[in-house]
Amino acid sequence: MNERLLLGRSIETGSWVHKLDARSKLTGMLLYVAVILLSDSWPSMALLAAFSIAVMASTRIPLKYFIKAAKPLRYLMLFIFIVQLLSVKAGDVLWSAGSFSLHEGGLRLAAFSVIRMLFLITFTALLTFTTTPGKLNQGLEGILSPFKKLGLSPDRITLMISIALRFIPTILDEAQIIMKAQASRGADLQELPLKEKARMLVSLLVPVISSAFRRAQDLVYSMEARGFRMDAPRSRYHRLRWGAADTVFVAMFVIMGVAVALL
Amino acid sequence: MAIQLEQVSYTYADNSLWKQTALHEITLGIPKGSLTGIAGATGSGKSTLLQLFNGILKPTQGTVQVLDVTMRAGEKSPKLLPLRRRVGLVFQFPEQQMFEDTVEKDLCFGPLNFGMSPEEAKERARKAMLEMGLDLGLLTRNPFRLSGGQMRKAAIASVLAMDPEIVVLDEPTATLDPVSRAELISQLERLCREQGRTIIIVTHRMDELLPYADRWILLKDGKIAFQGSGGELAADPDILARCGLGVPHSLRYWRGIAGRFGLAGEKPRLTPESLAELIASLPGAGTSGRPEEEGGCP
Amino acid sequence: MSEAYQNVEDAEEVQAVIKLEGVSFGYDPEHPILHNISLSIPRGQWVSIVGPNGCGKSTLVKLMNALLPKSGGEITICGHQLGEETIGAIRQCIGMVFQNPDNQFIGATVEEDILFGLEGLCLSYAEMEERLRAYTVKLGIEDLLSKHPGELSGGQKQRVAIASILAMKPGIVIFDEASSMLDEASRDELLRILQGMRAEGQYTILMITHDADEILASDRVLALHGGGLAADTTPQKLFRNIELLEKCHLLEPYPWRLARELQSRGIRVDVPASEKELIDTLWPYN
């Protein structure tokens, strides 16, 4: 299983979460972010963990996929952990050497930050694993539709997102090839001193950008040739349907929020 | 041998962004100064194989020996920069990797990276242009203003400018028109025959390379399905079908004639000229053919 | 093939689905990319458009559905004269398959890609479902519906593009070097799809190509050179006209070249259909 699969791709298992309306999943996700931010004690963290794992398990998608989704950010999480650990000087001193000391409060905050981030990523992955990009977009459009009155155009936003999701993996692939090609012409970023690296960056950026423009032009031709016009009326194949399960799903997050706030 | 692979396997790391075929226990040898064709269906591992030749990829099992550099799986490989100058790797659509505002600057990029002086690099650039049959007047032009065929040749010249002993090309003729394709292949053959460079070409149009290649390597699902001369391939064209490839016209016609006259052991005549020459020399062909009135051609 | 072409030529005026009169394109009037092109294509014809790279083939077809703006002349498609108000109707008549399989894949999955055009036509759910089923079965991609483009081969992506376009039921389908980035097996497959489309008889096909097999399968050849129409001929005549081939940067297919080489050595043979036919012709009594 390659990692590109995990970027904006759904894994079909037919679980109840898969069948939910994308709007309820998006709402649940927003509430979940609030719950994460509200959790600031070990018991609430434990509750959060139990809840998250239960929901993830109910999708019938193997847990290792969720862990894989967080893997690319492991160094960032480690960095945040260390920075918090070193900079926060609150609570009891755990260990010290000269003017240097580690505090209990620092450890706690550092651990919380990392746990929050981990859950945030794995849970966002849940959204993309269980919803095809098309349905997700439609859900987003549904949620944003009240903003139409404010002059916002939800279909433009969702079109933009869907094209970005569609082409980012392609462009990343291409960047890899260009990197290899320039390395074959002696521009290996790994084997060069820092000053040279900046110069080499031009040899990567110019081809990547010009290729992105070429793709954009092709895509525009292709969309226009299929009769696409911005803001023209369209029918929908997948319709949004809010059912009882959706209400239950959203309610779960509300209850979690209340529970965490009380703990 | 210019390149020797012993029991080489390559598996993509799990966290690779890539979707490419792995290679399984590849053993092959490519002689110095030869012109080798590599063919195989999409996803057979051709592009992966090429990247082992200049150390862009390192074997996960087995030994890759290129010129005097040896890369063993699991061992720290020697510094690869010098090897990359000696093995020019031309990726697909190389014109898309050009980035400077003149052809000359783009051609000098490689040589400068490998530590040549600016004068030396310019001299190499001029030589490379001539080697690809390009006009020196194009050097001051913007690469993006050249025609498709010229742009492709200039991009290949930017690799030749490093003066590599081995040149490896991944589908160099893709999307070019037939005349530009034939020109490019004959230009590459000249590099091999006149300058003694080892040329390796991945193609999915075997027809255009068959008359020129000394050796063929056919890949199927990451394994070697065939390795040998064009003559050996002509003797057993079924192997092509097993690799998901069509049997080119030139092979089919040669097989037909050779089978009829028991010439299977001879060097195959794979160009229309050479086959027509042979047919004309065979008994009866000139006389028992169709009467003139029925020949539909002007 | 040439006979059929003669017949339709007579009734051309009434049947033409594509009609260009004095069409030009170019930003600099001194050096137009296309200059004063007039042509007429009857319904149901399969036309190859050939010429060297950069001769304006791709530009010419993009003028027909206003992907590029013509700078002069008149274009009439399916009875609609091209103008601001008719662009929508004309784009419904013309489907286009482009060269790069990746860049014309709009949706995130095969299903979404096919639906993109259908939703734009404001079709009902039942109609979309029917077309989705019919055209994925027709192109043999019914098992790929939930696949992401990254999981498909170039040939599969081109089939998705064709399904997406045919599902919109255009009368004219234009292939802009659609096979040039494909491998051999996928090229053969595309040719079979085209032959199937011709057999159905409801499509007018325009195909920009360098591929001899594709050209030979078509009814008529338009050769562009230096921004103008250099020849309007048949595939058979094109491959016998060495001068024109050279002008268009084309090569004869192997059997044609072999026949010519044999003829130049005094052996009179027709272009053989196979090696067996050649041998049987040359040595009929052995």
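Per-chain residue numbering starts at 1, and chain names A, B and C are given in the order in which the chains are listed.
What we mean here is this: a contact is a pair of C-beta atoms (placed from the backbone, for glycine too) under 8 Å apart; a residue touches a chain by one contact, two chains touch by 3 or more.
For reference, the UniProt names are A = Cobalt transporter; B = ABC transporter ATP-binding protein; C = Cobalt transporter ATP-binding subunit.
This is a predicted model, so every value here is computed, not measured.
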- Assign the assembly's chain-to-chain touch graph to one of these shapes: line, ring, star, complete, other. complete
- If you tally C-beta pairs in contact for every chain pair, which pair wins? Let me know. B-C
- Query: Quick one: chain B and chain C, Cα centre-to-centre, how many Å?
  - Reply: 30
- Item | Centroid spacing, where centroids are CA-atom means, of chain A and chain C in whole angstrom | 42
- Junction residues of chain C - those touching two or more other chains: 150
- For chain A, what residues touch not just one other chain but two or more? 4, 169
- Query: Which chain B residues reach two or more other chains?
  - Reply: 19
- In their shared complex, chain B is touched by residues of chain A numbered 1-4, 71-72, 169, 172-173, 176-178, 180-188, 191, 202-203, 206-207, 210-211
- Using the touch rule from the top, collect the residues of chain B that touch chain A in their complex. 12, 14-19, 51, 54, 56, 79-81, 84-85, 88-89, 91-92, 94, 96-99, 109-110, 113-114, 158-159, 162
- Task: Sort out for me which residues of chain A touch chain C in the complex.
- Result: 4-5, 8-10, 12, 132-134, 162-163, 165-166, 169-170, 214-215, 218-219, 221-229, 232-237, 239
- Within their complex, state which residues of chain C touch chain A. 62, 65, 67, 88, 91-92, 94-96, 98, 100, 102-109, 111-112, 115-125, 128-129, 132, 146, 148-150, 164-165, 168
- Task: Can you check the complex and tell me which residues of chain C touch chain B?
- Result: 52-54, 99, 150-151, 153-155, 177, 180-181, 183-186, 188, 210, 212, 240, 246, 249-251, 253-255, 257-271, 274-276, 278-279, 281-286
